[in-house]
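In what comes next, subunit A is part of two complexes: it sits with subunit B in the first one and with subunit C in the second one.
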Partner chain A sequence: MKVKILQWHAVASWTWDAQDETCGICRMAFDGCCPDCKFPGDDCPLVWGACNHSFHLHCILKWVNSQNSQASQQQPQCPMCRREWQFKA
Partner chain B sequence: MTSSSAPSKKVSLSLAHCYSLTLTCLFFSVQALSKIASNRLQKELKEWQVNPPVGFKQKPTDNLQRWIIEVVGAPGTVYANETYKLQVDFPEHYPMEAPQVIFLHPAPLHPHVYSNGHICLDILYDSWSPAMTVSSVCISILSMLSSSTVKQRPADNDRYVKNCKNGRSPKETRWWFHDDKV
Partner chain C sequence: MDEDYEDGHRFHIDDQKNKRNLEIGEMDVDGSNRETIFLKNNYLVKNIGAVVRDLRSLGFTSMTEDAYASAIFSLLKAKVHNLAGDDYRALVLGSIKDWIQAVPLQFLHALLAYLGDSFDCDSMSSGLKSPLASRPSCYPGIDFPSEGLVRWQLRLEYFAYETLQDLRIGKLFEIIVDYPDSYPAIQDLKQCLEYTGQHSKLVDSFISSLRYRLLTAGASTYDILHQYVSTIKALRIIDPTGVFLEAVGEPIRDYLRGRKDTIKCIVTMLTDGPGGNPSGLGNAGDSLLEELNRDSENQESTDYDDDINSDDKQAWINAERWEPDPVEADPSKGSRNRRKIDVLGMMVNIIGSKDQLVNEYRVMLAEKLLNKFDYDIDSEIRTLELLKIHLGESSIQKCEIMLNDLIDSKRTNANIKASLPQPSLSGSKLGGTDVSLDILDATIISSNFWPTIQAESLNIPASVDQLLCDYAKRFHEIKTPRKLLWKKNLGTVKLELQFEDRNMQFTVTPVHAAIIMQFQEQTSWTSKNLAAATGIPVDTLNRRINFWISKGILAGSAGSDSDDHVFTIVDDMNTNGLIHESSEGLLAADEEGERSVASVEEQLRKEMTVYEKFIIGMLTNFGSMALDRIHNTLKMFCVAEPSYDKSLQQLQSFLTGLITEEKLEMRDGLYFLKK
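Moving on to the complex of A and B:
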């Protein structure tokens, strides 16, 4: 039997491959976006630290910048495990 | 031992718990919450209503920026069945900045709680992390209360409280954290 396909719809879904469901800083879903953004995905990406904890890029940047601007000049730490924060290469 | 180094764990109850600096900014300035802050607080409030930490009761108000929380001393501790009130004020940039947490009068008699309600607890100041929540802070405070076996004020209570007149915020104090036993 020969089947002729007249029309088809492709549907794809995506999800971030993080161990958690929500960002530990803003508490919004990873598959959503940080409170400053409108669209999830590439516009509001996730980043991983050397310690393997992940956050919205915008959220961790706010934290790292706020730590760096403090007079005490303490090294920014991962909000989850307190290891020195380094972006995973 | 300065606040820029890691909290020292040297135990010495006779030493002063804090020293205060003359600061230009004496008051806890109340700025409206940022969008991120109010977003997160609404989530925390919702989570609290579903799953409040044991021993705590949040008094409902229409002010998201100031929470009043009742805490009951844990059974089997020197504060068993006693009720105290915590006042939690959130800064504009919460959770990038720690909330201001104090006991309302009368504050419990505790080696790390001053008679003006200020609490010497590192996570409220230098060791704050944006991954912490009101709920986790409350649990830490109850744990701090529970580990005390004596009801007494910090050794430097009078000096500190005198220095804090005019409603200075505990966040303006430079704290020394050197006693992890209580």
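Moving on to the complex of A and C:
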């Protein structure tokens, strides 16, 4: 007997493969989405800082904006390690 | 006294004899031989009239009247039964009333006229005090009805309403089974009850027939739910306030809460067409949700017509329509305002909460989506839209993400397959099987939003494994830094078994595919070796392999070791009977309980296990406790993590599970420890 596979419909889950489970800003799961978004994944991406901390893109953008408006001369910092926040290339 | 009795008795006999004449009279009221019948009737009236007058003169006025009244009533009763019978598909109240006009009232008119009671000139001009006075009533052949005659009409009509009402109430169970075909019978009953006000008779009688006919172990949960829905639809015609429905629905709801498959059946009924349930009532192809939606759209469009008029007018109409709740209303239940009876709400009421309904739906949806070959989710999108309308957007958000995953998967799948050049695939010839990426599709899920999915180990065939690797690599390139994690035991496989003399196609789970593919190289396996080769635990393997044995592809026999089996391919099978066996839909029929998605009960069971010790402890101390007392005690004491946040229904279903496990027992509504 031989078996010929006609079709194989497989199932997988995706992950951002971040070091942590949850975003340090909104406390939501990285593989979920930030509180402002409805759908996870492409719609609510993750970003890494030069310090290697990762956040939901929308969360860190809000954070950076609020830092900028509070103290205009100061550079925004990573909310986790207080180092200057820079997007990882 | 004897003589009177004789006369009364004789009157009955006369009446029976003349019944035929009277009925002919009815048939030919407008006919050409009307004159003859009147002559006959006149003869009859004169005979009876003479007897009545004689008896009156002897002082037996009321006894005489009782005699002909009881004859007329028994005739009317027979007529009502005859006209109404067991046919619920026609309105009969109108013809009963016509008959009352055409036959007994004609007779009474003539009789009263003969007796000289009928000329009451004031009766028309002074206006009658009876409620019928305002009604346009027509007395064929009678120009000026006397007050006595109008009283007779009232008595006869009341008797007819009550008789028809009792007849219909006695058969209400059947009438509701027949609904909506039995709509006319329901309308008649509504009119009767409005006249007699005997709604409580309906409630008592219907509840007892429910207990006797429906709420029994033999009735399927689907049948009970169908009758529940029909009851709601039928009774809201009779009783738009929902007060009696509340009373009638309670025993059904109580009973259903004790059944384990209730939630599942409700969700299936709501979201699937009749294909999903064996009774298959209702409009073909429509889910209950679809039907409810259509109803409410119709409702809204009529409301809208009203709204075109000014608000003042609407307010006036509402005010005019206002009626107090009937006296039977339980003030603790429902408002005094006229509320719309919401079938979905009454279904949710059985389950306990919207959240539980959505949880159950999510598990069913996951199961459906994970078993799809294509990415066609049109009907699921429609169902979710309907759920959104009725349950609100927030409660179905996770389901929306699940559907969105399918839409995304379809797009990503196409991208990946387009970007991977076929010939460069390495390892596509492993295992002696030609496989190209053509055969592979994938559903990629956002696992945080899906119900718990049972992880099961499985070694899939190397050729397919290589394809999965290539696919995942390409995904990572396209969606960096996202990665794919395969759930190898999930999904659907279509395969063809090629024998020397025949080919057979099957649609199976990856586990079944992995098992059968092992038999290409080696025609016989012991269960231990096969379990090791496929990476499945032996007991799981022994269960799952039954599928191939039942299809006649494999044969099992006892091995050298008592708990080891030997499975062999049935290669030169001469039993051709199995060849044409259709294999579509096998997945669903395959091994009940072998589900990849953890059921809501399983999840609840897991969450509730923490409280089991506590419940056992309480029952040890108190001996026995009622459901709500256990519930309240848990609420009071389990405040630390994990705090007790379950509903009464969830607790009840957990306790039912403990009874099944023979840890608890229940008597008279109290839970005990099983000794």
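Here is the rule we go by: the second predicted complex is superposed on the first by the 85 of 89 C-alpha atoms of A that agree within 3 Å, B and C clash if a C-alpha of one lies under 4 Å from a C-alpha of the other, contacts with A are read in each partner's own complex, and residues count from 1 in each chain.
Everything that follows uses one rule, which is that a residue touches a chain if its C-beta (ideal position, glycine included) is under 8 Å from a C-beta of that chain, and two chains touch if they have at least 3 such contacts.
Not measured: the values here are computed from a predicted model.
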(Q) For A:Gln74 in the superposed arrangement: first (subunit B), second (subunit C), both or neither? (A) first
Q: Based on the superposed arrangement, let me know which partner A:Leu57 touches: subunit B (first), subunit C (second), both, or neither?
A: neither
Q | Per-residue touch tally on subunit A - higher for subunit B or for subunit C | A | C
Q: Considering only touches as defined above, state whether A:Lys2 meets subunit B (first), subunit C (second), both or neither.
A: second
Q | Those residues of subunit A which subunit B touches in one complex and subunit C touches in the other | A | none
Q | Contact set on subunit A toward subunit B in their complex | A | 24-28, 34-36, 59, 62-63, 66, 72-74, 77, 79-80, 82
Q. In their shared complex, at which residues does subunit C touch subunit A?
A. 370, 372-373, 397, 400-401, 404, 408, 432-435, 439-449, 464, 467-468, 471-472, 475, 479, 481-488, 490-499, 505, 510, 513, 516-517, 519-520, 523, 569, 571
Q. Contact residues on subunit A for subunit C in the complex?
A. 1-17, 29, 31-32, 38-42, 46
Q | Interfacial residue positions of subunit B with respect to subunit A in the complex | A | 3-4, 35-36, 39-40, 43-44, 93, 95-97, 126, 129-131
